[in-house]
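We just call them A, B, C and D in the order they show up, numbering each chain from 1.
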């Protein structure tokens, strides 16, 4: 999908090296709420495939006690949508607490898995998501969600900037159109994260040596 | 460049509305440092055209007393490059204070125009850039710089999230390869900003009604 | 309350100059939720006086169409309380959506006034509060809320850092103990904000020349 | 220094619990630059005691390969000082690259220890400091620096909010006046961090079990 000339230029510029993953990964699942995952949703399309691939990855994460954080987009007062609501008026229908902000039930979210409401594209902008991973002592983040060309891309850039090595589970990410999906997987793999099949990301979650946790209060002096 | 199916899907989803620009714009010029603008630079290519288009836009901004902020990427200790330096090892040659972190001289930067050193992709992440625009009472930001598919895209997402309407001056943005340049202009125009020719952005800078400034200390009670 | 030696040292160091207020102020009301404003609340005390002073200020703000933003502390999953919940275990009872996270009804909050849930001390950390003020084109923020020595202080530091001149309405701020309340008003007035009586802050809201708004979409080229 | 009534109220409100420290600590040294540590500095006082206590702590950190990050305040263009420069005009003399922004030589800073220039009170606001600790896989931060009532307090609040347990090395922190120094140590110990003698913080740095590092690139699938 990406043209040969671009690949050649990037190779010459030494773009696309691998990242050093850590041993205590967490999982970030971005905006797999009904408003995005169902064709009826105001900004939705049929994301059944990435939702099911994400569910498989989450089952592995849960079996290995990896911290999981979900985000959903939801606006209370209309002012909260800001400039973004002008570019994408469909977003305004994602009312906080309304039906389109519920997580897709196929993900099997559990009560102790935080669901953070966000108002921007990045899961880290204007949220406590990075703090949650840090407080739970994660040193790496595996990313799933939607849309690849929007909130996933923005979140991956921010996670990298925040100091986390990032592993994007490619088939756990979905978008409404194929072109932007692929163009953004390419950009992320080139500059910000490693992009792998969900099955490989799940294997990493299962075998990473460390255990992320806030630890028992083994306390200082 | 973007396929018809994507355009059709985006139109049906009402993606790509115009933003309401304000009256007190500032200008953000991203990473037009020698390391990027010259083919010899460690992450560079020939960006003469966007540099010259940006210079024209800056001349208009200066004539109209619009606040200007430049960013450059520069690392002191190697640890500062973090994960990004793993994906793009060429970045490590952008040593703070070294030759590749100097602004392209064709921009004619003036001493009172802040040059902010950044270590991430976004001009706003881990910098005071948003604070600078707010303190100077800008309500809109015009964006120029490099690379379109990297730091420009990341900065535009952050500016939008920070509450600023954004106008991307398309031909004032440059990249090392055409495919990612165009794919990212498309994504930005669809979701985050208005994308216009530099000449139109300059006209907006000339005619916007307000005057951004920290004001005289007409003080409170 | 503050000792004479401290005052003398600060004066010699030229600490405590006035800030230049803008013309389009907004109002930030921090954590005046029942969990704080009533003695029964898990982290509460009787804050009737600051709540009533804030209500008066809000009435003036509403009459002059000044943007208002409320914050409340609320945690979903327990992990969200992080380190803070260790220092102040009473915070864990502020469950999102529960009774202690409701705004004090004496404030008369209206449906179009955003209520932002936060998980940190500062109203700006991990929230979209700064973005809300920017998107509504505010250039100054008037601050009320609780507690003076905790979330008010942290928020004022962040607002200043974000580029906003800040006016703290002293008697619209409350705390559970007098010593920290006064020590923190002193610190804020010295380094970060102007601190005035609520009645003066209200007068400023009434007479400031500009009108903050996201404007009609009078659009660019 | 803090009155008995405040202590009684805080105890009843269960304020001041201990934090659970991690095993891979880093050290943050805030603004121990000549402009602050020498009486001649524009915002300075004689901070020889905290500087020497910090040096002892740093020697232990270095012997145990703990990541160290320094910050200094420095402004390029005057606009960068924003509102803060209005409250404290002495700050404007801290010109980036000038004599007052150099680290106190008694700290023995090494070339591979990052020195981050900041423009706000908090060491985390508008900087990559949190990213540096995350990228080096620190899970706890020990804090030294100046001033206790200004940048130390603001940084400790932000570190806590960012998810890091914080240990403040009390005698490694300095201020120009005693009252605010003690009032802010009290506030920090109550709500945000554990506050201990520098010698205990050094002992913790020596014995914490883990080793923070970006790890060898033992790579993913």
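The definition used in the following text is that contacts are C-beta pairs under 8 Å (C-beta built on N, C-alpha and C of every residue); 3 or more make two chains touch, one makes a residue touch a chain.
This one's a predicted model, so the numbers in the text were calculated from it and none came from an experiment.
At the interface between chain B and chain C, over half of the residue numbers appear on both sides, which makes the contact a same-residue one. Of the two chain pairs considered here, A-D and A-C, the higher C-beta contact count falls to A-D. The distance from the centre of chain A to the centre of chain B, each centre being the mean of the chain's C-alpha atoms, comes to 25 Å.
Centre-to-centre separation of chain A and chain C, using mean CA positions: 32 Å.
Contact with two or more other chains is made by residues 18-20, 82-83, 86, 120, 125-126, 128, 131-132, 135-136, 161, 163-164, 214, 217 of chain C. Put simply, chain A touches chain D in their complex at residues 18-23, 128, 130-137, 139, 161-164, 167, 194, 196, 200-201, 203-204, 214-221. Interface of chain B with chain A (complex): residues 2-3, 5-6, 9-10, 13-20, 43, 45, 82-84, 86-90, 120-122, 125-126, 149-150, 154, 157-158, 160-161, 163-166, 176-180, 183-184, 186-187, 190-193. Interface of chain A with chain C (complex): residues 67, 76-80, 82-83, 86, 111-117, 119-120, 125-128, 131-132, 135-136, 214, 217.
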